[in-house]
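My questions will all concern the structure given below.
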Amino acid sequence: MGILNIMIAESTPNLFVDDLETPPLPLTTLAWKRFKRHRMAMLGGVFLILLVLYSFGGSLFVEEKYANFTNPPIRLNTPSWQHPFGTDTVGRDVLARTIYGGQISMIIGILAVIIETSLGILIGALAGYYGGTIDSLLMRFTEAMLNIPEIFLLIVMAKFFGNKIPNLTLLGRTFSGSVVVIIVIIGLTSWMYLARIVRAEFLSIKENDFILAAKATGTSNTEIIIRHILPNSIAPIIVSATLGIANAILSEAYISFLGLGVQPPTATWGNMLDGANNYIESAPWLWFFPGLLILLTVLSINFLGDGLRDAIDPHSRAI
Amino acid sequence: MDPEPLVIVEKLKKYFPVKKGLVFQKQSGFVKAVDEVSFEICRGETLGLVGESGCGKTTVGRTMLGLYPITEGKVVIEKLDIAKADRNKLHRLRQKAQMIFQDPYASLNPRWTVSAIISEPIWVHHLAHSEKEKIERVQELMKLVGLSPRLINRFPHEFSGGQRQRIGIARALASQPEFIVCDEPISALDVSIQAQVVNLLEELQDQFQLTYLFIAHDLSMVRHICDRVAVMYLGTLVESADRDELYENPLHPYTKALLSAVPIPDPKKDRMRHRIILQGDVPSPISPPSGCRFHTRCPMEKPHCGELVPVFKEAAPRHWVACHEIT
Amino acid sequence: MTRYILHRILQGIPLLFFISIILFVLMMNMGDPIATMGGRTATRPADRERLKRQLGLDKPIVVQYFYWLAGNDWTKIDLDGDGIGETYGERKGVLRGDFGYSLVNRGKPALAVIGERIPNTLILMVAAELVIILGSLLVGVYSALHQYSFTDHFITTLSFIGYSMPIFFIALLSMYIFAVLFKRWGLPYLPTVGMFDPQVGKTAGQVILHMILPVLSISVISLAAYSRYIRSTMLEVMNQDYIRTAKAKGLPRPQIVYIHALKNASLPIVTVIGLDLPLLLGGAVVTERIFAWPGMGRLFLDHVERGDLPVVMGILMLISVAVVVFQILTDIVYAWLDPRIRFG
Amino acid sequence: MCNFKKYSQLISVIVITLILIPACGPKTSASPKVTTFIFTQEFDTLNPLYSNMWFSQITLELWNGWAWNFNEKNEPVPYLVKEMPSIENGGISADGKTITVKLREDLKWSDGIPLTSEDFVFTYDMTISPKNAVATTYPYDQLASLEAPDKYTIVMKFNEPFAPWQATFWKGILPSHILKPVFENEGSIDNAEWNLKPTVGFGPYIFKEWESGSYTRFVANPNYWGPKPKIDEIFIRFVPDDASQINALEAGDGDLGTFIAYSDIPKLEQEGIKIIPAFSGYNEGMFFLISKERGHPAMLDVRVRQAIAMGIDRESIVKNLLLGKTAVPASYWDALPFYNTPPVQNYPYDPEASNKLLDEAGWVDSNNDGVRDKDGVELVLRYGTTTREVRQDTQAVVQQDLAKIGIKVNLLNYDSDVFFASYDKQGPAATGQLDIMQWSDTTNFPDPDYYYWYCDEIPSAENPQGANWQYLCDEELDSLFKLQATQVNPEERQKTYQKINQIFHDNVYWLGLWQDPDMWALGKRLSNYKISGVTPFFSIGEWEFSSGE
């Protein structure tokens, strides 16, 4: 206490070295400027907003009950004014189902990426920060997971977790337990690349003197990891998470397409396609609309991710 | 000055393991970065630690503050034995002992504002009771090191090297320390700025009765700021003495060689003096030479130098040296 | 170099162990292989009990893993259910090259089951990989040399679309267009499913004809990704000083591009291909399902459905081994392409 | 030896060709009659002892066979036997404990070796040998002994009269001259080559090759002891995808398909493809978890179950989802009219009656959330089935129907190896996690015997393989089931089943959704076929094929 009072008393204002003239642009502004130049990324962003509006805004016009309303007598009707995207095998409206399916697909995408990112950061950070045995163990594990092609791992995990999780009610809506399963397994099978990226970032950042300074200050390891290193490796994480959403939506579609995903009547774009497999010729609208929506979403996110990469992470270069 | 030294370092050893092997890594040896180093620093005193780069002086500084685990030996700061300290004691010590870094670019977190950087020790050690108090203290500290408090929300990349080093100093002061390890704080700065920073350090020392361990390879600046100077070679101390005694009357051949290389402002004198050029390269710290570590390059080398390790002894009052040839 | 390869191989062994344990634990909890045994009704209780014992499925997971790994021919097993082992087991274990017998194709070693499908998968995948490499080289180099031209923008956009395309969408769409609609319109059309028409036989012509659509579906995604990768690598290399020097020397443009630039640009591409190749061994699961291609991917799906642990583990371990081997091969090719790299 | 065989084959082919070319040169070429069948699943193994797979079992009629077949009316017809054993002809002893079977004397394997009672005994030995991991030992484990007094007689002895013998015994015979040496050498026939390449058989066709993932090929058996088959070669092509099967049938790439989805029938019929429904006893239906410990309390009340029966518009499901190609079964034994005489009455679709029953039972919507409740328990049921598309569609419709009468159901779907997993494997049905379970099932068709409702089949830690996933123990039902299994006299058995049927109906222990006959599609080039629900290819040797239209 005392020492500071002395400091105030004896500090002399004319000791100031030099003020800065023009403040340079903040990093975020710079990033936004770079991002805006990326026309395809802007377009992707706009499209994505539209798609989100379609899925989430659409529920203002169509009730979920309607999306699940079966009407067998009008099964497999071709698109018409009443059912612009046609009807499916039990006479449900495909348009309404793409709206609610989109919601689930996007929620799965986002939540799976949250799991993926948390796991990736946790494992990458522990391995990169502590090194040594922890690093070897975690990285061997990461490599082992990475060595098995994702789709195989997804299938095996989908069987492993299949229906072991009960249905959930959230915000007045009941979500099939299989939605949670899908989120978990996509999260569990996709964190490996991110873990590697984070580890590499941590390895290089922890060598900086400011980490040593923090240690000398007495800042705890957890605080160093969370407050010092993580913010410095955020750029590749954001890019990876953005692209991860696209991947998660695709993964959901793939496993649902293989019949191991979200179970009807909860619609997702992926499981809408699953049933369509037998109607390639006779009812192309069954697979065309959900397929197209997946394509558009993934495309928009990929464009967006590409732009973000250029904007906030100019070092990295990859597809 | 206190009769009791603030800092006592006794036979400090720091070895880094070297690993080798295909699948099962095994230790094949050590980098003996610091080997049996002993010195004391009294309260309010500045000890200069000099030596070539790679001789282990930075390691001494970092090991003393518990940033590296101590291999052997004893470090006591403010009556606290670092090697035996538990987490809590170490944490308290870190409030009392701080560090200023060489590279003002790498030592500041680029994603943090000045405010966050300087206040880190404050919140880590719970030195402020409110957010407002914290900000006020940061502003005080900024003024103290000569930075305009208006810049409090700026990021490090918006500052010059000298300004950044001031931020680093402010951070070190924030926890109200008594002992600061200055790890080559000026070597990365322009010469014109070096003097400013050194003066700042001196002023602060006077104001707050600070104790410094000043690590440097620049002997002239050390002479300016230090009370005592210790010379390191390949992980060991070869000589230590009060500043003037060391500069006027160096005993160890290595110190002599170092001092002979210091430029002297007067060109005439400079030309007159005898330059000692050392032969050979610095040996590897993994397998340092036996006996006196300097014997491979020593101009005064005798056969027994390679066999016996010289004792670090007081050759003159307050003048310690490790050499077989000096008694 | 030899030392390095040895190092990598030795590192690969614990990795494979790790993988096998993870997978085995997952597989053991995946469903009951004797629940229906492919039949239309549940297996009778008495038979379940007996089969579990005879197939060794009643053992604790650790024991099962150990039998899988090291075999059970050194211990007596109980076949008749009296709790006393009377005959020696027959399994040699994976370590001795025995992946056990398929639980589905009873009496067939898992390796034989897989082995029958490997050539089919390889035919499809090698063809696809060739299309991918050649196509992406052409596209990538072209758009790198004509950076920011209309064609470049067009190709870039197209490759993004290709990259974002779910494989089933392109597969279903192409099947609908080229097999269904073309037929309806009276145009020459492609077959929908299978590897060949059994009545004609497994002739080269048949296989090629049946291969077109699956190869197309598999290639689109990777082609897009690779060509973008090649484009950016080429651009980077083309801006290097030695290329400028070569230009300044007045070397003919094709020589610069194909000898200087491409060779150097090929380094990272080798890595990517090396990483991708073994994954192709597993086959595109989805593609093989849609086009009913008798490859490993479809085999995997069919046998996962029935909890056929030996075959599924066999496929996954085979792929894992391939991944490890290909990583080593990639490193070797890398060193061969780039004399600066030496492994010590 | 081997080379010589190939060589001689080659020569004979050349010689035959040389003879045939001038013979039929000027006329239309007598191209071999080759037909293609399409199966949506690939065989797991062809050894009848080792496979549960229906496709593998029905293919048996081509190259192997049952001792007696069942015709298109599902009546037994002698095949390997001279006549069906009966009490009248002395084949069945008066006490019903001994059955004597007389074999034909002209039977022989495709390699010329005679097929005798020795092969029957060998088949029995192999089935019950603990060294062979066969799919099922039933019904051979019911035998007290099996004897072969001479080459053409086998005597089956039981401890108790065994009623369902006709439907269960002698489905496929193993060649002892091929497999006995294998068994003696290897100690088991689990891994015999013959299992996957049964080149020796005794049916009208013999196995030629099996290309994994693609097809199996059968050719006419030159050594066949019956009338010469009319078709030369049969390809069985594996097409896992339903839509592709339909495409192939329409395009004429395949002449026969099965497991046709009801929704595809009109399209196929338009193309002139004949659809034949063959009853194999299967009925799709709901099983209910009726257990105090594990189930929903509402399911214990018969009125709730009756309300469910009347609350689901089953006729509409059959009419719309299955295009009216089948009917709603009134009892588990609908496909066996003899055991459903007089037929029980089906519950009508009557939501009002359902509501009334539920109100009576005390299940009312007291908190106005749209779901009935009682004593604080909501009427929410777990309804699980496999991932088959038509089942998922049914679930969606049922969910909506039941919502109308205030019952909420949560839908669950599982892969069949998970759904049917046993108690110790945490199967959802076996461990009582589902209040309503739906699957398609049959008795030992055409025999009514079943074991699902035995009290001692209730699964538990001590009985982890138990099959009574309803957890239902009805003592009366239990004793009736045990009684019928010993009633060799059909008339007596019929009476027992009347009682069983009535109990089932009154208590709604099982609710039929639709009769599930196998739908066969036969192309225009095939003719003279008859299809049985039990042994579909029983007359395969007589089938005709004409390529020229």
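For reference, chains read A, B, C and D in written order, and residue numbers begin at 1 within each chain.
Here is the rule we use: a residue touches a chain if its C-beta (ideal position, glycine included) is under 8 Å from a C-beta of that chain, and two chains touch if they have at least 3 such contacts.
Note that the coordinates shown come from a computational prediction; the quantities given were computed from them, not determined experimentally.
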Remotest chain, subunit C as reference, centres from CA atoms: B
Most contacted chain pair (by C-beta pair count): C-D
Mean-CA-position distance for subunit B and subunit A (Å): 47
Between subunit D and subunit C, distance of the C-alpha-averaged centres to the nearest whole Å: 37
Cα-centroid distance, subunit B relative to subunit C, in whole angstrom: 57
Subunit A, residues touching no fewer than two other chains: 159, 162, 277, 280-281
Residues of subunit C engaged with two or more neighbouring chains: 14, 30-31, 289-290
In subunit B, residues with contacts to at least two other chains: none
Subunit B contact footprint on subunit A (complex, rising order): 3-4, 6-8, 10-11, 13, 15-20, 23-24, 27, 208-210, 212-219, 223, 228, 231-232
Subunit B - residues contacting subunit A, complex: 62, 65, 67, 90-91, 94-95, 98-99, 101-103, 106-112, 120-121, 124-125, 137, 140-141, 143-148, 150-151, 154-155, 157-160, 162-163, 166, 168, 171, 173, 175-176, 196, 207-208
Contacting residues of subunit D [partner subunit C, same complex]: 34, 36, 41-42, 44-45, 47, 50-54, 130-133, 135-138, 141, 187, 190-193, 195-196, 211-215, 217, 235, 237, 239-241, 244, 247-248, 253, 282, 415-422, 425, 427, 439-442, 451, 457, 463, 465-467
Complex interface listing, subunit C residues touching subunit D: 30-33, 35-51, 54-55, 79-81, 87, 101, 104-109, 113, 116-117, 120, 192-199, 202, 289-290, 292-295, 298-299, 302, 305-307
In the complex with subunit D, residue positions of subunit A that touch it: 68-70, 72-73, 75-76, 89-92, 159, 162-163, 167, 174, 176-178, 259-260, 263-265, 275, 277-282
